[in-house]
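Scrolling down, you'll hit the structures one after another.
Each of the next two complexes has chain A plus one other chain: chain B in the first, chain C in the second.
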Partner chain A sequence: MSYVIKRIGYAILIMFLASLVTFAALRVAPGSAVTSILDPARTPPEVIERYKEELGLNLPIWQQYVNYMANVLRGNFGTSLFDRRPVFDLIADAALYTVVLAFAAFVLAFGLGVPAGVIAALNRGGWFDRVIRWVTSAFMSIPNFVLALLLVAILGVKMRFLPVSGASGPANLILPALVLAADPWSLTTRVTRTAVVEQLGADYTRTLRARGVSRMRINWRHVLRNALTPVVSLGSVQIRTLLGYTLIVEVIFRWPGMGSQLVQAILKRDYPVASALALLLALVVVIASTVGDLLLRAVDPRIRSNQAVIS
Partner chain B sequence: MVTSLVIAPVDVPESRRHKKRIGGITIPTWIGVGLLALCALLGLVVLLAPPFRNLWTAQDLRATFLPPLSSGHPFGTDNLGRDLMWRTLAGLGVSVAVGLGVAFLAVTLGLMVGIVGGYFGRAADVTSNIVIDVTWAFPAILLAVVFAGWLGPGLLTVVLALALTEWAGFSRIIRGEVLSLRERDYVSAARVLGRNKVAISLRHFVPNLLPVTLVLAVYFVAGAIVAEAGLSFLGIGAQPPTPSLGSTLAQGRDYLTRTWWPVILAGGVLTLTVLLLNSVSDQLREHFDPRIGRRR
Partner chain C sequence: MSEDQQDLRKNIKAYTEGTLTRRSFLTKMAAMGVGAAAAGSLLAACSSNSGGTSSSSAPASDSASASASASASASASAAPVSGGIFKEGYDRAPTPPDPVRNAWADPDFNAFYEALVVRDPQAAIVPALASAFANNGTNWTFELRDGLSFHSGAKCTPEIVVKDMNLFRDPNVGQNGIFWTPVTSITNKGQQIIVATAHPFAAFQETITTEYSYILNPAAREKAGDKYGAEVIDGTGPFELDSFSTNEVKAKRWESYPGSVTPFFSNKGKAYLDGITWVSITEASQRANEIETSNVDAIKNPPPQDVDRLKGNADLVVQEFQELSNFFLSVNIGNKELGFDDLRVRQAISQAIDREGIVQSIFLGHAAATYGPVMPGYVWYNPAVEQYNQYNPDSAAKLLDDAGWKLGTDGVREKGGKKLSFTTIQHPDTVEQQVMQAVVEMLKAVGIDMKAQVLDDAAFYPKLTPDLTSYAFKWLWSSPIDVVALFIDFYQPKSPQLDEVNAAFAEWQNAADTDGLKAAAFKVQELVAKQLQIIPLYTPNTIWVNRNNVMGWAPNQANLYPFYNDVWLAK
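What follows is the complex of A and B.
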C-alpha cells in the first residue's frame, strides 16, 4: 500500500516537472503570441501593450507560471487567442474524438494481437506463424502515415469504399483506427508470441505435461496466464506511442481530435490551447505508466520486491 | 519507442543459426550493411554536392506530373515539375543526416546519464530517474511539436526534439547494464588500484556497452527517419525548399486524385530503408547476444 502512495506521489512530481517544461517551452518561445495576432507594424504600441497586460505577459515568468497553474488546477485553461473560446470547451470537444479513436485502436491492437500471438506460438513454424512473422515485420517497417496514404489511395480514392476524411459517421473511424492499430498490433502479436513460446518451453510446463495434465488445460490455465505479464507492461508503453501517433493520423484523416488540434495550435502559435493540450497528453502518459506499474505489481508477485520506479 | 524494442525479443529462425560467416558476421548482415551504406552515401552526396543541387531544385511548370519513364525523368516529376528521382535521393540524404544526428546525440546523452545513474551514487540515480520519467511523459512527436512552437519548424527542431526524447529509454537500458558491470571483478580491481569513477567508466564500462549501443543506435536511426518524415509531413519538419521524403508524401497526398506515383515512390523508399535498418539491427543483436542464438 505504501508503494501505491509513493508511486502516485512520484507521478505527481513528474507531472509538476512536465508542466514546467510545457510552460517554459511555449511561453519563452520567440515570436510572442501578441505579434501573431496583431501586426506589430500597423498596430499602435499602446494597443499591443494593453493586450500584453491583459494576457499577463508582462509579469515575471515565474509569476506567469504560478498564475497559470492556479488557473489550471481550477479547471480554467484560459481562452484561445484566436476564436476567444474557452480552451476547456475546445479541448472537451476534441478529447472525445481522440479517446474514441485511441480506444478503438487499442482494442484492435490487443484484441487481435493477443490471439494472433498465441495461435502463432502454439503452431510455431507453421504457415500461420510464418504469415504472422511477415505481416508484423511489414507493419513495423511501414511508417503509419505511409500506410494511411496507401489505404486512402486504394480504399478511398480509387474504390470509394470508405470515407477518408472528417468524422461525419461511424464509417469514418474505420481507416484511422486501422492505421493507428497497425504498429501496436504487430508489437503485441510478437511479444505475445515470444512470451508464450518461452512459457511453453519452461520447466513447469514440462512437469505439468509429465503429470498428465491435458494440453488445453496447460495452455489456457498456466501458459497464457504467465505469458500475459510482458503484454500488460507493453500496454502502458503502447499508450504513449499511440498518443504520439494520433497527432499524425488525425491530421491525415482530418479527424477533429486533440492531435490535429495541437498541430493547428502550434502552427498558429495559439499558446493557451497548445500548452493545455501538451499538458493533458503528458498527463495521460504519466497516468498510463503509473497504472501500468501498479497493475504489473498486482499481476506479477515477483516484481514486488523491486522498489525501483519504472515507467 | 525504445522500451518496446527492449521488450520485443528477437526471434531467430532455426535456419539462421548455421549461416556462413565472414569476420563473425553473417553474409545477409554484410549485404544489409553494404546496401545501407550505399544508400546513405548516395543520398548524402546528392544532397550536399553542389553539382547535384540543380537536379533536385530545378522546376519546370510545363512538365508537371510526368509519369515514370518519361524522357529525362526516369521516375517522373512532381506538382512543380521537379524530377522525382533526384528529389527522392536528396530526401533520403536528409533522412540519413537526421537519423545519424539523432542517433549520435541520443546515444551520447543516454550513455552519460545511464552510466552516471548506474555508478555515481544514489542521489545521481534518483535524479537521473526523475529526468528520464519527465522526458518519458512526452511522446517524441509531441515534444517535437512543442519544440516547433519554441524554435520554429525546421530540421534542427526535429533533430533536437527526437534526440531529447529518445535518449531516455536508451539510458534506462545502459543503467541496467552498468548495474551488472559494476559488480565485475575487474571493476573492483581497478578501484583497488585507485582509479576514479570517470576513468573506470571510460576504460571499462563504455567498451562493454558498445554492442548494446550499436544495436540500439541503428534502431534510433530508423525511428528518427520515420519521425522526421512524419513531422515534415505535418509541416513541422523540413521547410521548403529543403527536400524531404515527408514533404514529398505531403504533396503527393494533396494530388492523390491525380497520381499515386510520388506517394508510392517516397513511401516505398522510406519503408525499405526502415525495413533494412530494422533487419540489420536484429541481426547485429543476434550477433552480439549469443543467448538469443542458443535459445532452443
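What follows is the complex of A and C.
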C-alpha cells in the first residue's frame, strides 16, 4: 500500500514540474499570442497593450502561472485565443481522435506483436522467424515519417486504395494507425520473441517437459506468462513513444487529434490550448508509467519481494 | 449576346459534338483572346459533360480575364446543378473571419461577406452591394441597393454601412485604419453613402475593394464579442457560417440571399452549392496528394515540382498566374556599420542575386523574377524597372570594392575591421527557405556573409521594427503600391533616402484619377528599383487546381481568392 501511495506522490510531483516547465517554456519562447493575432505594424501600441492586459499577459510570469493553475484546479482551462472556444471543448473533440488512433495502433502493436513474437520464437530459425526478423528490422530502421510518405505514395496516390488524410470515415484511420503501430509492433514482436526463447531454455521448462506436461500447456500457460513481464514493462514505455509519434503522424495525415492541435497551438502561441494539451499529455504519460509499474509489480512476484526487502 | 459570346458557344458546341478537335478548339480560343487556362477550364467543363476528360496548363502570362471567362463560359455550357459540398484545400490555418480586426483574410471572406464594390477579373471596379458609385474630387459616393439584409435577418441599411466604415477607419479598432487616413467624414443621404476626403483620393478604390472593407452587421459583432468570426458571422454573402475551427471552416448556403448584381457573376440568385468546407492543408505536397486522391475538390498552390504531374492528370484542371504578391529582401538603410546606408552596397546585394536562376531552379519556371517592387502582371507595372537589378556578380563585386568593402582572407568582405556579415530573418515556408539558402550562397560568392534565420509568425512579427538589420518577406495584398508604401514607411528608419519615394507615395495617395494613380505607381516602382529601399526578388505564380467536375470556380489575377456565387458541382 505504501508503495502505491509513494508512486502516486511521485506522479503528483512530476505533474507539478511538468506544468511549470511547459508553462514557462511557452512563455519564454520568442513572440507572443498578441502579435499572432494583431499585426504590430498596423495596430497602435496602446491597442496591443490593452489586448495584453485583457489576456493577462502583462503580469509577471509567476503570477500568470499561479492564476493559470488556480483556474486549472477549478477545471477552467480558459478559452482558445484563435478558435475562441473553451479549451476543454476543443481538447475533448481532439482527444477522441487521438484516443481512437492511439488505441488502434496499440491494438495492432500488441495484438499482432505478441502472437508474432511467440510464433517466431516457437519456430526459431524457420521461415516465419526469418521473415519476422527482417520485417521488424526494416520497420525499426525506417523513420515513421518516411514510412508514412511511402504508404501515402503507394497505397494512397498510386493505388487509390486508402484515403491519404483527414478523418471523414473509418478508412482514414488505417494509414495513420499502421504507421503509428509499425515501430511499437516491431519492438513488441522482438521483445516477445527474445523473452519466449529465453523462457523456453529455462530450467523450469525442462522440468515441466520431463514431468510430461503438454507442449501447448507449457508454451501458452507457463512460458508466455513469464515472458510477458518485459512486454508489460515495454507497454508503459510504448504509450509514451506512441504519444510522441502521434504528434508527427497526426500532422502528416491531417488527423484532427491532440498532436496536430498542439503543434498549431505552439506555432500560434495559443497559450491556453498549448498549456492544457501539454499538461494533459504529461498526465497521460505519468498515469501510463504509474499503472505500468503497478502492473509489473502485480505480474512479477520477484519485484514485490525485492521491494519488501528494500523497504 | 455579343459576337464573341456567340462564337464561344458555337465552338464549345462543336467540341462537345466532336466536330472540333482539342487542338483546333484551343487554337480558336487563342484567336478569341482566351488564354490556355481559360480554354483548359472550358475543355474540362465540356469533357465532364461529354464523358471525356481533359486537363490544361497555363503560362504565367495568361490574363486574369481568361480564367473568369472560362468559368462563366463553363457554367454557360451546361445547366448548373444545385447541391453538393465543395471542399477546398487551403494553404494556411484559417482565422475567424472578421473584416474589422483580421490581420489576414482567408478565402471564406468571399462566401460570408460582400463589398460595396468589387474588382472584376480585368481589375475594373464593378458594383456589388452598391448598385452605382462615383468619385468626384474629394467625395466618393456609393448607392446602396435596396432590400439588403444580413444572415441574421437584420436589415443592411446605409446607416449600418456608415457605422462599418467608421469602424474600419478607426485605428484603435480597424486593423487597416492606416489606409483610410485621408477620409474626413462618412455620412449617408438616403441610400447614398458619402465618403469625404481631405484631398482627391482615387486610391480609395484600392482600400474599398480589399476584404477588410467587406460589410458586416456591427451590432452582431459587438454582441458576439470575441466569439465573432468563430461562432457568429453576420454578413451579406451567399453563405452562412456552419462551424469554425482552425483546421476546418464550414459554410452552408444562405437560403434568403437576395441575389447579386455583380456583372461578372453569371448566377444572380442564391448559391448553387449546399455548402463549402475549407480544409487547412499547410503542407504543399499534401495538398497535391489530396487533390489527386479526390479528398478535396480544389487546392491552392501545390509545390512547384508537382505542377507538371498535376497538369498531366486528366481529372484535374490547373490554372496559374502571377500572385498578387512579392518576395523581397530588406536591409536597414539606417545601418551605417554594415554599409546598408550606402546605395552601392544595396545595389551590390541586388546584383549578386540571380533571380532568373531562382525562378528556374526552385520554382521550375512557376514564378517571375522581379526587378521592381511589384509583379510584372500588375495592371500598372512599369517595365522600366528591368533596367535595374539585373544579375551581374562582377558589377556587384566592383560596387562593393568602390564602397570600400574589400575581400578578406576568409572570403568575407570587410571595412574598417568590420565584416560584411549579418543575419536576416524569414518565415518557415519551405520554398522561401530554399530561396534564401540560394541567396545566401549567391551573396557568399561576392564576399557577403548573410545567414538566414527562420522564425514562425509569432516570433517574426515582434522583431519587425525599423531597428531590424534585415528580413525577407512575401506580401500578399490586392493593392501592391499601398503595401509597398507600408513596408518602406513602417520598417525602414526615417532617412533622407526615403524622401523621394515618400513623395511618390504621397502622389499616389493624392491622385485624383486613374491616370494620376498610374503615373504615381510608375514613379514608385522606378524609384524603389533604383534606390532599393527594399530589394525585390520574385513573385510566385499562384497555382489553382480543381477537379474537372467543379464548375464556375474562377480564380483570377485581380482578386486574392475566387468567389463562390457561380460554383457548382457536375454529377
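Assume the second predicted complex is superposed on the first by the 304 of 311 C-alpha atoms of A that agree within 3 Å, B and C clash if a C-alpha of one lies under 4 Å from a C-alpha of the other, contacts with A are read in each partner's own complex, and residues count from 1 in each chain.
We take it that a contact is a pair of C-beta atoms (placed from the backbone, for glycine too) under 8 Å apart; a residue touches a chain by one contact, two chains touch by 3 or more.
Note that the coordinates shown come from a computational prediction; the quantities given were computed from them, not determined experimentally.
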| item | value |
| --- | --- |
| Clash or fit, chain B versus chain C on superposed chain A | clash |
| Contacts of A:Val47 with chain B and chain C, given as first, second, both or neither | second |
| First (chain B), second (chain C), both or neither touched by A:Val157 | both |
| Touched partner set for A:Arg269, first chain B, second chain C, both or neither | both |
| Partner chain(s) touched by A:Met69 [first = chain B, second = chain C, both, neither] | neither |
| Partner chain in contact with A:Met140 - chain B first, chain C second, else both or neither | first |
| Dominant toucher of chain A (residue count), chain B or chain C | B |
| Partner chain(s) touched by A:Gly166 [first = chain B, second = chain C, both, neither] | second |
| Contacts of A:Arg85 with chain B and chain C, given as first, second, both or neither | second |
| Which of chain B and chain C A:Val285 touches, first, second, both or neither | first |
| Contacts of A:Leu13 with chain B and chain C, given as first, second, both or neither | first |
| Chain B region in steric overlap with chain C, selected from 55-63, 127-135, 163-171 or 181-189 | 55-63 |
| Touching both chain C and chain B, counted on chain A across the two superposed complexes | 29-31, 152, 157, 251-252, 267, 269 |
| Touching residues on chain A, where the partner in the complex is chain C | 29-33, 35-44, 46-47, 79, 82-85, 90, 152, 156-157, 160, 163-166, 251-252, 254, 256, 260-261, 264, 267-269 |
| Touching residues (chain side chain C, partner chain A) in the complex | 93, 95-96, 101, 103, 171-172, 175-178, 226-227, 229-231, 244-248, 279, 281, 283, 286, 289-290, 292-293, 295, 455-464, 486, 490-491 |
| Chain A residues within the chain B interface of the complex | 10, 13-15, 17-18, 21-22, 25-26, 28-31, 125, 133, 137-138, 140-143, 145-146, 149-150, 152-153, 157, 187, 190-191, 193-194, 197, 201, 230, 233-234, 237-238, 240-241, 243-245, 247-248, 251-252, 262-263, 266-267, 269, 271, 274, 278, 281-282, 285-286, 289, 308-309, 311 |
| Chain B residues touching chain A - in the complex, by the definition given at the top | 1, 3-4, 7-9, 11, 14, 129-130, 132-134, 136-142, 145-150, 152-153, 226, 229-230, 233-236, 249, 252-253, 256-257, 260, 263-264, 267, 270-271, 274-275, 278-279, 296 |
